[in-house]
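Two complexes are shown next, each including chain A; its partner changes from chain B in the first to chain C in the second.
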Partner chain A sequence: MLQPVFFRSVFGILPLFIVLLPVNSSTCVMENTTVIREKYENILSHDIELLENMSEEYRDRCCRNKRHETPSAFFCNDTQEIRSLQNMACDMLKFFYKKKINKDFRWQTARVSCMTLEILRCRCDRESKNRKVCILLTQPSKDTLGAQDPKKKCCQELCELKETIASLRSCWNKFEKEIAR
Partner chain B sequence: MLRMTRTSTAFVILLFFLLHTTSGESGSTSEDESDDELENMDIECFSQLEIKEDCHSLICNVTELDLNNTNVNLTVCSTIIEKRICSTMEKQEGTYFLYFYGILSPKEVCVVLESNRPYCRSVEVTHIVKPETPFGINITFRKDANEYFIRYKTPHSKKKYLKDKLIHETAYRQENGTWETIQSQYLRVKLLGKSLQMGASYEVKVRSKPNGKYFKGIWSEWSSSEYFQMEAEHPRKKSTDMVVVITTVGFILLFVTLVLILTFWKTRIKPVLWPNLPDHKKTLEQLCKKPKKNFDTSFNPESFGYVHIHKVDGIQAKAEVECFLQPSAPLDADVSEKVCNGSSEMKTSLAAVDKSVLKLPVTYGGIWPSDTLSGHLCETHPSILDGSSNDIPYKVCSSNGTRLYNCGPMTHSSSSADPMVQPRSGPLNTNTMSLIQPNNGVKSSNKDEVYVTMSSFCKNQ
Partner chain C sequence: RQGPEPPLYHVLPTCVECIVFNDQYLTCMWGSKEMPTANYSLYYWIENHMPVECKHYLQEEGINTGCWFNHSEIIQFRTFYIHINASHEGRSLVIPTKAMKLQDLVKPAPPVNLTIQNISNNQLQLTWDSMYNKPRCLEYAVRYKSNKDTRWTEHLASGKIFSFPSVDYEKYYTFYVKSKINQYCGTTQLWSEWSVPVFWGNNATDQGLGQRTPTGACPLPFCRVWVIFMPRIPNPSKNFDELFNIHQGNFPEWAGVSKDVVESFKPNYSESFCYVSELPPKEGSLPLWGGHDKPRAPPGRSSAPASSSSPGLILSKKSYVGV
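Showing the complex of A and B:
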């Protein structure tokens, strides 16, 4: 009598854990650091540099005053650079639909975010929406971004995006030095 | 027993289900799915990065050996954030191309036939890169280095990924000759002039390829050719020869100039550059230079052919003597005229040379000057005049033992042969005989009186 209960408990529940295992796992898949470094140095670094140049062009006087009021919430934690980069990239994807920001600037921001996630083999918590953005980037047309709103006096979102970009850049540099050792 | 059997069956089924789900989607590969009709099929693709702003292109070609099916479609699938996205390639002139954005993930190119299973091939777009063709070849000749400097451009210089990741190959050849290549990671190369044939025409072209460190791929298309012609003569050699020739000629001219200067320095160059200033003292000394002590002069009577020259033993005042000649003798008269005519010259010349000569005593009449009488000795000599009716002895006066010239025939009015001569004052007369008393101590009159007497004598003649 005891044997069916034993087999049921062992072989019945255990498969459920195996099936449900991917759901509770991390959102990033472990990738070879050498591959990550090569892709960053040869491809992603150039796109981040282009994004920084574009960020410098879109200066906003509001950003100087409010920088100290709302410091950046993104930190590049030691031994958790991948997690930090994932959070930054996923946060940048939300600006894709901010019409107050320049269309080309939003497009390049989304590209950098998607490439970061692709290199690290991570995905965002809000998977469905972010995945849609990266899929849209594969389309040759930028019409999906929509029209840009007239330029306002102060753009808080632009300031926030510029700070996030700067944080992303510095975190990538830190991570590169770490994996190059 | 029956329960155990059901349980085990359920377990097996569940296990099979779990194995199927955990294994994930398995992409079909060409190695697993082989078809007889697709065995000879191969897909050749290459990618072009940033061909249109941020967009990339994928160009594929299907090599069909046995299939003659025109309805072939190629699809490209990629996984983006664990989602598979496929696109159909466009067919254009026997090739298939597709524009895409992501180059991080591999692409799976599948040949989809109507009836057959798809034949797929996984490609890494960063490993099949074909760069764009270089352009703008510029050839410059550097004379100083004798080399050709070739520069070119590539569209990837202004792009992100392949900017410094390419190797460039420069090919050059002589007209219809074999190609020679030079590889460089920079956008310039040099061709040495010594390795080229003089006067020949050369063709140059360039192509590019990924350096292979991360991006791999194939050579791009060759650029358009540029031509240049090597100079006929070695410019550096020609200039060197000219320098040698000019230097040699310069040294020769310098040497010749130095020799000429040293040779003609004292005679011609120095007098012109530093002429000697005339010194009056030296000039006068040269002009008033006295004849030498043993100054010998020769008198050739033959050179005076028209003049009847009488040889005498001593030098006397010829001018005064000739004036005392008698005019009856035509020969003598002619001579006397000539002598008289020439006496003036002789008088002046004699006066210039020695005044004492003119002051010599005269044998015909007159009053001998006092200063001359003291030192003169006169001797009586028989007449030596020929053709003269008056054979009158004459006296030869000598001064201080030196014989003087004949003063002329002596004429005396008296028949007396007394050699003694009595001095008389007044004008001279041919009939007057004047003798000089030798050693009688009688002094002559003044010099002026002598000259007056002689001049009056000439007038009487």
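Showing the complex of A and C:
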């Protein structure tokens, strides 16, 4: 007679455990900082520079006004540079689906994000979406949509992306400077 | 008669320059003694923090013209804001400033201990040290010139070493080095000052001690002078005048070669041409060449080529014609 009560109580608690599981359950495999530095300097830094140049081309007047209103949500925390880079890279993946942003710009953003995660040996929280974007990059592009004319009305997503790119670059600089001691 | 004092905002400094010196201290300068007399104060903060007033002002003739921050007050890799107030006789104005990234405003100290080594024949190696505590974040530029050069030559170097491949021992060289934060640790165009120079080579060539005058006069009492008489190198252009003016370019005649020798060089056989033509074309198509386009035989004792107007992949050969 106690069995139904037992199972009811156990299965009642289990969903609660799932709800209470921390959202940020992303993981990073420990990687040698020397290896990270070499990969960043020899490979990723060039793609980041290209992305920054693309970001500079897509000037948007409204970004200048909004910069002080909505500062970057990502900080590169002291002694937690890798975790900060992971958060930024994962956040940047969402821009891949923002059709208001130029296609080449979105693809280069995704490329930098995926390379950052690969070099750091990290993955994002929403595993399925992360894998999908980084897998799409290896396939022939079927994406024909996207703004070709950057001079459009204020695009909040573009402003946010430009801020995130700047934060990512800055955080990599901080990481390099930290391990250069 | 003096007019009214101009508005304060017409003469205020319009910009603030901040530089982080060697990651050790920061200065933000906004003016000089030429500024209007006012009470200047600086406040700084990063995101989500309250503004803090400058603790150590820099002054010129009693007027605040800048602020000095020690190492612990320098916050890199966060957006850094400053705010300068200018107040005078109850009026107050703000000098506008931009948000800054202090990691992009680092100016390293100049390199030190420049040393030159002679590592092999005619090859020098220049090395140096850096006073910056993260030398892996630096890139360098080397500038050098010899006493015979009119311009400086500049090369970039990623490490604290520079090889000079081909040095002239008769020259006197001067080397300088400067440094900058590289692209991996920041985004800056701020180079350090040039280092103290290092010199290498023979500084005596300009004194004239090693020079020998064309007449062979020797300034030292016991030197030996060798005089070698060399025949004057003739100018050949005059001899060739006869070739063109008298012999009309006939070289054998000008050179005096006998006619028999000249004749012996002429070929005494003839060689026929081997014509290759294309296959018969289909109706409507054109041959590679028509009959008038056939290659002509050079003048000489060769047999006339046989006509081969009909197109076809034919190899035709005539027999030799003996002399």
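Methods note: the second predicted complex is superposed on the first by the 144 of 181 C-alpha atoms of A that agree within 3 Å, B and C clash if a C-alpha of one lies under 4 Å from a C-alpha of the other, contacts with A are read in each partner's own complex, and residues count from 1 in each chain.
One rule holds in what follows: contacts are C-beta pairs under 8 Å (C-beta built on N, C-alpha and C of every residue); 3 or more make two chains touch, one makes a residue touch a chain.
This structure is a prediction, so every number in the text was calculated from the model and none was measured.
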*Check the contacts made with chain A and report whether chain B or chain C touches more of its residues.*
B
*Touch check for A:137: first (chain B), second (chain C), both, or neither?*
first
*asked:* Once chain A of both complexes is superposed, is A:75 in touch with chain B (first), chain C (second), both, or neither?
replied: second
*asked:* In the overlaid three-chain picture, which partner chain does A:35 touch, first (chain B) or second (chain C), both, or neither?
replied: neither
*Looking at the overlay, what does A:177 touch: chain B (first), chain C (second), both, or neither?*
second
*asked:* On chain A, which stretch or stretches are contacted by chain B in one complex as well as by chain C in the other?
replied: 41
*chain A-facing residues of chain B, complex*: 3-4, 7, 11, 14-15, 18, 21-22, 54-55, 78, 80-83, 85, 99-105, 126, 160-161, 165, 214-215
*asked:* Show me the residue ranges of chain A that touch chain B in the complex, using the header's touch definition.
replied: 3-4, 7-8, 11, 15, 18-19, 38-39, 41-43, 46-47, 50, 111, 114-115, 117-119, 123, 127, 130-131, 134-135, 137-138, 140
*asked:* If we count contacts the way the header does, which residues on chain C are in touch with chain A in the complex?
replied: 47, 76-79, 99, 101, 103, 133-137, 183-187
*Residues of chain A defined as touching chain C within the complex*: 40-41, 45, 49, 67-68, 71-72, 75-76, 169-174, 176-177, 180-181
